[in-house]
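What follows is a set of structures for review.
There are two complexes below, and they share chain A, which is joined by chain B in the first and by chain C in the second.
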Partner chain A sequence: MSISITTTSPSETGNSTNWPEWFSKDQNEAWELFQSLPQPKRTDEPWRFANLKAIDLSDFHVAVPVQDVASLITRSSALTNLAAKLIFANEVLIHNDQVGLPAGVLLLPLEEAAKNHEELFRKSFMTSNVRLGSKKFAALHRAHLRSGAFVYVPKGVVVERPIEIWHWLEGENATIFPHTLIVLGEGASATVIDHFVSSRDERSLAIAVNDLTVETNAKLHYVAVQEWSDKVTAFHINTTEVGKEGVSTALQMNLGGAYVRGESDSHLMGEGSRSVMLSINPASENREIDQRTFQDHFAPRATSDLLYHNALADSSRTIFAGLIKVEEHAHETDAYQKVRNLMLSDEAEANSMPGLEILADNVRCTHGATSGELNEDELFYMMARGIAPKQAAQLIVRGFFGTVLERLENPMLQEHLGEILDKKLSTSK
Partner chain B sequence: MSANSSSSLSIRDLHASIGDKPILKGLTLDIPKGEVHAIMGKNGAGKSTLAKIMAGHPDYTVTSGDVLLDGESILGLEPDVRARLGLFLAFQYPMEIPGVTIANFIRAALQARLPEGEELEATDYYAKLYAKMDALSVPRNFTSRSVNEGFSGGEKKRCEILQMAMLEPSYAVLDETDSGLDIDALKIVSAGVNALRGPNIGMLVITHYQRLLDYIVPDKVHVMSEGRIIHSGDKDLALKLEAQGYDWVEKEFGESGTRAA
Partner chain C sequence: MSTETKPDIDIDRSVGDFRYEMDYAFDAGVGLTEATIDYISDVKGDPDWVRAFRKEGYRKFLEKPMPTHWATKDLESIVFENIRYYLSQGQVPKRTWDEVPDDIKRTFERLGIPEQERKFLSGVEAQFDSEAAYSNIKAAVGEQGVIFVGSSEGLKEHPEIFKKWFGKVIPSGDNKFSALNSAVFSGGSFIYVPPGVKVKHPLQAYFRINAQNFGQFERTLIIVDEGAELTYMEGCTAPKFETATLHSAVVELVAMKGAKIQYITVQNWSSNVFNLVTKRGIAHEDAEVKWIDCNIGSRLTMKYPGVVMKGKGARGEVVSIALAGDGQHQDTGAKMIHAADNTTSNIISKSISLGTGRSTYRGMVHVPKHLKGCKNNTECDALLINSHSRTDTYPAISVRGQGNAVQHEASVSQISAEQIFYMQQRGLSEAAAMSLAVNGFVNDLVQQFPMEYSVELKRLIDLEMEGSVG
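Moving on to the complex of A and B:
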């Protein structure tokens, strides 16, 4: 029996037994909100150019627990020197290894955090308004959410080694709602890598949400390695809040999916805060990657720096719409936004819509989108060294993405993600 | 030193144009393995064009003539195939390739020379790379920098010679590798080039300055003018050109000179 995600209320799915009562109430409210909100239309600004057929979710159902968890645990291998590793399969925690985690750090399934750390949970779980288009789908996420990762690093604690979180998706037409919530207390620092993976080559759905809170002087590196199967529809809704002098560096690598909708909303809340927003998007075949971003400056002397690189092969399609907003009093803001499209095929299509709204004085903002093809002279130079054209093109694309990885300013991550990228680029045709 | 044509880089009556503009107009030149030849000539004479045509640049059309590598024509071959046959071009203006590190670039070039399925051995590769870098005074941290990006003019030229040292070509064309080098760098690069000299390589050195030829002493010097070699001599010809310029040689041997008929 499959349970439809769009016509079954949370109280009917039996999910509520996981959660404290107050959260089950929340879920019912979210369900009502989901039902009351209209399906996005072409005329809605946040859905301009979007493929609305792709977001008809009516034939997806709730995922059932995965049978063969052992093989997924084996397949969840990336870095070896970790602080901790959590593995979820269809939103069920199947592996929890915390050997390298410093004392005081909380790494829990969300439902446990809701039970035992209610105040912390309430303060940071989906607190901001989803305003880049997917409010309806975020409500659906909240309504059906079964689990997820809760990461809390208290004041002053430095987690040296990365925390790795795996979200496996399995089942034809199955849906999961992956969630990662991260709070870094004052002066804390951590690196968190989310892996989003399909266990098989299936058409299925993921509606992922993450909440990143970086308090005063804290420092977060967050990476989402999205490797869904090429048939998956995926929403990735990210909200980041950065406090005074805090730094968030977040990278979305979209290596899979048929239709991927990304929304990244960065709130520069504290003076001198910094948010680096990066994305790497190799698009091929019929993949569509639709990304909407917001760099919202509320405090003076903060910096936001967005760099998105899309390489488009075959009949792939990308959409980028980004807004920089400098609120009143956010003086001496530095805000940058750059999107580069590397067009590898005549059939590919890239749409870029940068935007700017400035309500403060003495700000420095630049934004721009460029599109170009492979540079013939670069190709010739590489061929003159004996490198075949296909490898040369691949190397140029790899370099194009490498310049984004450099912005992580973290050699370990750069190397690790570079290897993942190499593997992806060498297996795609 | 003499060699038969099957062991040389041989350019035979080459005519080539860009669009409908003829640039090479019957150029003949033979560079036997084991020898170093120099080409000098005014700006715009066609020296870089010759170099790029040999390497297979797609913008130029060869209208007649041939280029033979060890007796086999290479004109129909793609640039990467020519390179793998042993031809190397040190560019006058090396390209910047953002995000591709020197180490990965040279590794890809070496990997391309291995049979399918064979992997380059990483430790040997780095040992060799560092040794060559040290010899050319290229700082080791350059391995992780993007190819030519943000390099000074001299660093780019040194990096070209580094690539040549790593790829061990059988014929190398060096297009103004000396320009942009300071005195010390000129000595280092020349020493690097001289270290590669030997019976298994033929070199064509394009330069404007006789000074380079004090360090890399050529077996022959050729003067190029308007797409042809109009005069050849030994290393002393470079001294004479340095002292007297090109006018006399163009008058005597150029279009309007004795060979014009």
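Moving on to the complex of A and C:
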């Protein structure tokens, strides 16, 4: 029997046995919040241009455990030289390999962290207000959350090799609530790659949340490789907090999904902190990629740099709404925001709303949004050298995304993600 | 409602800060009901279709919500029941200068519309409260067949041209304030330029508010026929009042095939005025509509001049300068709707925020499906003078299909300390140096204004800057 996610309370799903009592209470409160918040409507500014039909979640139900676990473990192969690998299938941990993890690093399922590291968990788990539109859905996530990844790198520890986390989704109309929580202590550094994958070509739902905390002088590389099936509705709600002189570099690659709503909220809390926000979005068929971002500068001399590239084929749609906010006293802020839309079809539609709110002086802020098409000269040049038009176009698109990958300043990641991208682009029509 | 909390920096605006006792011959009282609308229609002797249009506007005004889901909450400070919606000195616009009452002449003298300027300009349509107090078109323009009258006169005397476009560019239900204007409009201009006529000199109208709590609801309709050209200038200055004043105009421009319209506004409202204006032009094939807009003063200005490029090869342009002083909010921008192939639009916006002033750019660029060769360029630059100043940019750009090029760029900066230091070393006061730097920031745009306006603008910037440094 299927359990509806919108009409069943957490106490009725039996999920509470997973969690310590205090967290079950939180889940009930989150459930009440979910019920009390209204469904977004057309006139809500954070939902402007969005297809509101896509976020009617009334016929989705809680995912049941996956049967064929072994095949998913086999399919979870990307990088070989890893510090650790966690694999979740429908929010159940099915694989936990921590061979290369330095001492002191905690890599646990969330419910275990809540039990054994309550203080740490409370300090960083969904602490900030979800303010880019999906408050209601974040509350639903919290209410129904069953597991997720908890990554804690203590002060001064450097995790050289990447940590890979896989979130598998399986089942028609099934819903999962993937969660990745990362805390880097003072001077720590780590690279974490989240893989979001559907096991079959099914219509299902994912409401994912991640909390990234980067403390003083810490350095985080975070990548989300989203490869849901083309029928999936997905929410990816991200919050990043960067402390003094800390650096966060986060990339969202959206390679799948029918409706994908991304919300990335970066808080520059410490002096001299830096947040780099990147996104690569090859959109095709009827896909809608709806991204809302916030670069919020609370401290002086911080830098934020956003670069989103969308390539739109077929009848795809993209929405980008970004805001740079420089709070009072955040003087000498350097903030950049750029979205580029490459239109590959007459049916595609790109909406851009780059925004600025500046309340301090002595700042340097720029934003830009462009929409254009394939460069005829470049196409001609390649065709003159015997490259077929379709392939030439593909090369240009690949180059267009390549400029975003370069911003990662991590050759290993660039190469790895480049390969994933090549595979995706060569299999699409 | 009180504006006492707003810091008063109007010390330099004394030029416009004066009133004469007026004997308001027609006064609709305060508040708005259907009876007010009947009263206005009766007094103005509206034809039946206008009365019906007003009532329709009133209905839509009641229906439409305040746009506070995206706009500032300050709009909620407007108390519609406390506003006078109609007030008139007399019903028939004065034909010659001699017929203009002495009181009004004195007001204009203080405003500084010089005799020479009047001679230079083809005609002066000076709005004094709701009705055009003075309307004169030079013989030369009239002979070319150009019609330049008040909107009330236009709808009575030239219904065949007027009715065709009135309310068509901006439907009364476009937004709450265009609906309000449709219900209670009075004053404003009606201009028709026949095919092929290029009006050499700019036509000009001065607007002025002068009564407590008095809302001014001009309605301007300009039609420039095939291949004709027109430049229209509008300037505003208002005395200070104790309570907020609402100004909500609607301006519709129609540029027929190959026509060119340039509409220039220099606005300097006192800092308690709500200025909520809807301005839009339609550009037919190969036509060009250009808005040059300068906003200084007011408590809140919301104004997004738009161009609907309906014909192939049409061009739209908005050049905008906004200066938000202490306690002021300039919420301005542009709206570009591409509705035909090979249409091009250009938006250049520069804003300056002083003291606690806030300037906002809000823009919309829309390129629908199956169009080819559309181009838009948008540039927004903001200058922040003080640490409490604020600036926002909220563009929305929708592009469907390939074959079009759209780019938007915005930047925020401040005056460099080195520049100021350099000028101070050469004997300029800090205020003078700041003023010079600000004028430098907007200089390339100011040059697009007609000479007398650019001089006036420079003077206004200097005045605003004086109180803001230190």
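Odds and ends about this structure:
What we mean here is this: the second predicted complex is superposed on the first by the 429 of 429 C-alpha atoms of A that agree within 3 Å, B and C clash if a C-alpha of one lies under 4 Å from a C-alpha of the other, contacts with A are read in each partner's own complex, and residues count from 1 in each chain.
Just so it is clear, contacts are C-beta pairs under 8 Å (C-beta built on N, C-alpha and C of every residue); 3 or more make two chains touch, one makes a residue touch a chain.
The shown structure was predicted, so the numbers you read here are calculated from the model rather than taken from an experiment.
Of the two partner chains placed by superposition, A:327 touches none, neither chain B nor chain C.
Contact comparison for chain A: of chain B and chain C, C touches the greater number of residues.
When both complexes are overlaid on chain A, the residue A:385 reaches chain B alone and has no touch with chain C. Shared-chain residue A:377: touches chain B; no touch with chain C.
Look at A:399: by the touch rule set out above, it reaches chain B but stays clear of chain C. After overlaying the two complexes on the shared chain, residue contacts for A:112 are found with neither chain B nor chain C. When both complexes are overlaid on chain A, the residue A:350 reaches chain C alone and has no touch with chain B.
Touching of chain A by both chain B and chain C, each in its own complex, is seen for no residue at all. Per the touch definition, chain A reaches chain B in the complex via residues 375-378, 380-389, 391-392, 395-396, 398-403, 405-406. Chain A makes touch with chain C in their complex at residues 43-45, 48-49, 328, 331, 341, 343-374. Remark: chain C residues 69-70, 367, 369-370, 382, 384-414 touch chain A in the complex. On the side of chain B, the complex with chain A involves touching residues 55-58, 78-80, 82-84, 88-89, 91, 94-101, 104-106, 108-109, 112-113, 146, 163, 167.
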